[in-house]
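Next up: some structures, all given as structure tokens.
In the two complexes that follow, subunit A is the common piece, with subunit B as its partner first and subunit C second.
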Partner chain A sequence: MSITQVFLLVAIAMFCGLFKNTRYRNLILIIFSLLIYYRLQPATPIRFLDFWFPTFAIALALLTWIATQNNLADSLKENWTVLLIALLTITTIAGNRYLTLCCITATRPPQIWGVILALCGFLILGFLMLSKFSFRLRLTFLAILFIGIFILFKTPEISVLLSKFLRTINQQDVRFSSANDLVWLGISYILFRMLHILLDLRANRLSALKLADILSYLFFFPSLLAGPIARFPQFQEQLQVVPHLHDYIAGLRRVFLGLFRKFVLADSLALLALSPQNAFQIHSPFYLWIALIAFSLRIYFDFSGYTDIALGSARLMGIHLPENFNAPYLKTNLIQFWNSWHITLADWFRAYVFNPLTRRLRATVFPTWLTILIPQLSTMLLIGLWHGITLNFFFWGLWHGLGLFVNNRWNNWLKTHPLNRALFIQNIFGWALTFGYVTLGWVWFLMPTFWDAWNVFWRLFGLGI
Partner chain B sequence: MSSGGFLVLEYKVMESKLGNLDRFWLRVILKGVLFFTGFNIFFAIYDFDYGKFSVYNHLFPGRFRLPYSDQPAESYNVTITNLDAMFASHLIAGSPKAPNEYRVLLIGDSATWGYLLPPDQTLAAHLNQANLRTPDNKAVVFYNLGYPVMSLLKDALILDRGLTYQPDLVLWLVTLESFPMEKQLFSPLLEKNPREVIRLIEKLSLSQTIPPPQLPPTTFWQRSLFGQRKALADWIRFQIYGFLWTATGVDHHIPEQIPEKQVDLSDEQNYYSQEPPNLRHDQLAFEVINATIRISAPTPIILINEPMFISSGLNSEIRYNFYYPRWAYDQYRELLVKFCQYQSLTCWDIWNLISPEEFTNTAIHMTSQGTPKLRNGSPML
Partner chain C sequence: MKYILDDLSKFIAEKILQSPTRKIAQDEALISSGLLDSFHLIDLAIYIEERFGVKIEDTELNRQTFDNLEQLAKLIQDRMRR
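Showing the complex of A and B:
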């Protein structure tokens, strides 16, 4: 996102915040969120995908809403305005093919009849699901569908096949098929928010959902790009809040902090950070370490900068989004680090993977250490694969999973050891070790292949391969 | 109540509504605005020359060639046009001349700069690798001051700066494409340094030959920090890239697939505004060379007509290559020889020294195998 785009988003957020009637505010918010989603979706080499990706995401949201209703007729009565707004927004954007009023989508949208047909198909699928499947079965079906979509788009090998398929039906040259053809903006966040809704509905932690709330939650424009993944009930509560003077001040302050972190710190650090390109050009371990530390800081300032912008923009509407970072690089052990890095994603996996798995394992005959290792490894592997289903992200997850396990065992051992009292030493060494371990772990994250990462690891210690 | 008093009241009312933290941030913003305004005024009034400050030759080693890049992110290099900053980043600025050093400057176009060559494969680098010594046993050290623009006036501008570094000899590599009068001022480097260009034209007494550019009126706003933000941002990026330059030794991105030079040529006979059969001497900037030799004295200059690609493709009987119709280039060589004889200037015409396969994407850019051949074929060796 450019600085101009950030200022535009801030202006829109302030405009939305001006509406003191939360019902109207939320309708305006939905319209802007959907428009911004289309606007931010980058162009792809495959024709019309920049239109179809957001449309498909909105259709999935509608499908989720339909599937979660018990009595559709009553729900439609209550939600028809929002449904109409969503459908009208999509068709208006598609109609822009003929009007070419402005630049909402990156490229020209497809034929409008195709869009209307696709939307009808989705709605029919929703109604069929509603009439044929039980509530739990519907939720399970959608959860499997979302995980399937996630795997499809996050596995480069499968993405290439999908790209070939899409190019074939679009009559485009399949020789240029690539996983990069399928850049679907914010889909990881959107799918995980949808899964959160489904899993909580399934566990009876959520009741009947309003379409307006679902659409606001899933496509809330400040958090489209980089989260955070708020919890639905908390977000629903926040939608009823109106901003005050101190919200404007706090929001703007946070946006400026984010701008500074992203555009000054992160973008400057990017000029010296380790990258797949320079990793093999740097000729000494000393410089390689500096570049790696620069990458470590860069990724933090980049991500936390975007989060600040998201939190600040939301605050301009009176909405408090959950914090995603809490000085992670100042933590003195890995457990603390993961409690303060991408907090909302870690919370998501803690709620739906780590805790249930730990509970199950504790009811078995597994030794204690195994009931700790398995959930930690599984959670961290899944967090790794959330970034992309590749061997490198797998190893990045494994790296942190094993690190957390060792950290846990160390803490356990330390409880009975005299070193436990030497807090200062613990903190100094703990900080250095944690920062070093996390920073080394980024090698898996940033290098494109396993062997590239392996090579860089050795070279960092002066052992060139 | 005066309007000032009203504002104070407004501020106090606003302040009373804010918490301690917000008051803190309000003060931060106010101070920030004050500092920003102050810096802008300082920049605008004092015309602050930040280009003299450089991390190169201090925190990081100096660069082997002047900053230029088409792809900054891949080259760890940025095209900056502040002459002070350009020279401050160069190795020559951090290398005081030793008593036993015989200093040679190379000036010229992108071929001299070493386009599509790594910094250790340029002509200057190859000449340094030869470890030459003068008869009185001084070490000959070559500095690459080439710059990828074809204009003799640009070469003169760089040499004028280079002379402050006490060269013992200047090797000036030229080709016909640097000579047309209409090309002399056509370069971002010259366009961005109008004051320097005007001063140079006056110094060279060339105002009759090359009309000096109009000094664009600069507003207070343009001179301020904000007005100069693009140039400043480029300068800052260039300083930060010092780290990757040091760590990698890369200052120029060389793509894996280099586009091929044009072998089949058009049948166009004209050369710029000139039509065959006669190349007009007054349309070529020989006078720039003449004047530059004058201001460089007593430092000797050797003029080198640089090698070029000679095509054998379509229409090669009409043209030598993409740049030159045969008639124009042949006459240029004759004019150059006459000019050198008249000025008693040492000139090396090595236009056909390098075989056609040793050129890369244009008719003057050489491969890393071609450049050492130029070194070996140079009469100096």
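Showing the complex of A and C:
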């Protein structure tokens, strides 16, 4: 995202915040969020995908809403305005194909009849699900569908096949097929927000859903690109809040902090940071470490900078999004690090993977160490694979899972063998160890292949391969 | 409310932290300070369910729902009244 785009988003957020009637504010918010989603989606080499990806995401949201209703006739009566707004927004953007003014999408949209046909298909699928399947079965079907889409787009080997298929039906050259053809903006966040809604509906933690709330939650423009993943009930409450003067001041301050972190700190560190391009041009282990540390700081300032911009923009509308970072690089152990890094994603996996799994294991006869190792490893592996289903992200997850296990066992040992002396030195040592471990782990994250990462990993210790 | 607070404080000090002499203040941060980790929270939830008969959901074991004994005791008390 460029600085100009950030300022534009801030201006739109301030405009939305001007509406003191939250109902109208939320309708305006939905229209802007959908338009911005189309605008931010980058051009793809495969024809029309920059239109189809956002359309498909919105259609999935509509499908979810229809399939989760108990009485559709009543729900349509209450939500028809929002449904109409969503459908009109999509068709208006598609209608841009016939205008020479400007395009919201990166390239010209497809034929409008195809768009209308696709939308009708989704709506009919929703109605069919509603009439044929039970509530729980519909939720299960949608959850499997979302996980399936996630796997399809996050596994490079499968994405290439999909790219070949899409190129074939578009009569484009299949020799250029690549996983990079399928850049679907924000889909990991959107799918995990949808899964959260489905899982909570299934557990009766959520009741009837309003279409306006679902669309605002899934496509809320400040958090489209890099989260955070707010929880739906808390977000719903925030939609009823209007901004006051102190929100504008705090919001703008946060946006400027984000701009400084992203465009000054992160972008400057990028000049020095380790990357797949320079990793094999640096031969000295010392300089390799410097570059790796620069990457470690860069990824933090980049990600937390975007989070600041998201939280600040939301605040301009009076909306408080949850924090995603809490000084993670100042923590003195890995457990604390994972309580302060990408907090909302870690909380998501804690709520739906770690906690239920640990509860079940606690009721078994497994030895304690196994009831700790299994959930920690599974959760961290899944967090790794959330970034992309590759061997590298698997190892990154494994690295942190094992690190957390050792940390847990050490903490447990300390309970009976407290080290009461030299707390300051312990903290310094703990900080250095944690920062070093996390930084070393980034090697798996940043290199494109397992063997590249393996090579860089050992060269950091002077063991050239 | 006081007996819930005392009970929870005793359980955390004795069973979780294994430090029976440790006193936990009502407003002392439990999760955000790192005093309790994710495994401790599960043990605490299981204990609360057995001791007070109220369910603490997996999605509630986080600092947004409670971060000190006072908030947790209030949550338990509210659910016991239902």
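The rule we apply is simple: the second predicted complex is superposed on the first by the 460 of 465 C-alpha atoms of A that agree within 3 Å, B and C clash if a C-alpha of one lies under 4 Å from a C-alpha of the other, contacts with A are read in each partner's own complex, and residues count from 1 in each chain.
In this section, a residue touches a chain if its C-beta (ideal position, glycine included) is under 8 Å from a C-beta of that chain, and two chains touch if they have at least 3 such contacts.
Everything numeric in this text was worked out from a predicted model, so none of it was measured.
Q: Quick one: subunit B or subunit C, who's touching more of subunit A?
A: C
Q: Just checking: does A:Q281 make contact with subunit B only, subunit C only, both, or neither of them? Give me first, second, both or neither.
A: Only subunit B is touched by A:Q281; subunit C is not.
Q: Given the touch rule stated above, what does A:R231 touch, subunit B (first), subunit C (second), both, or neither?
A: second
Q: After superposition on the shared chain, which partner residues are touched by A:L215: those of subunit B (first), subunit C (second), both, or neither?
A: Touch status of A:L215: no partner.
Q: For A:L311, using the defined touch cut-off, is the partner it touches subunit B, subunit C, both, or neither? Pick first, second, both or neither.
A: Neither partner.
Q: Going by the contact rule set out at the top, does A:L245 touch subunit B (first), subunit C (second), both, or neither?
A: Touch status of A:L245: first partner only.
Q: Is A:N355 in contact with subunit B, with subunit C, with both, or with neither (first, second, both, neither)?
A: In the superposition, A:N355 contacts subunit C only.
Q: So in the complex, the part of subunit A that touches subunit B is made up of which residues?
A: Contacts found on subunit A: 245-246, 249-250, 253, 268, 271-272, 277-278, 281-284, 287-288, 290-291.
Q: Would you tell me which residues of subunit B are touching subunit A in their complex?
A: 17-19, 22, 25-26, 74, 76, 236-237, 240-241, 243-244, 246-250
Q: Please give the residue numbers of subunit C that touch subunit A in the complex, ascending.
A: 17-19, 31-32, 34, 37-39, 41-43, 45-46, 57-59, 61-62, 64
Q: If we count contacts the way the header does, which residues on subunit A are in touch with subunit C in the complex?
A: Contact set of subunit A toward subunit C: 200, 203, 205, 231, 234, 322, 326, 333, 335-336, 339, 347, 350-352, 354-356, 358-359, 362, 372, 408, 411, 415-416.
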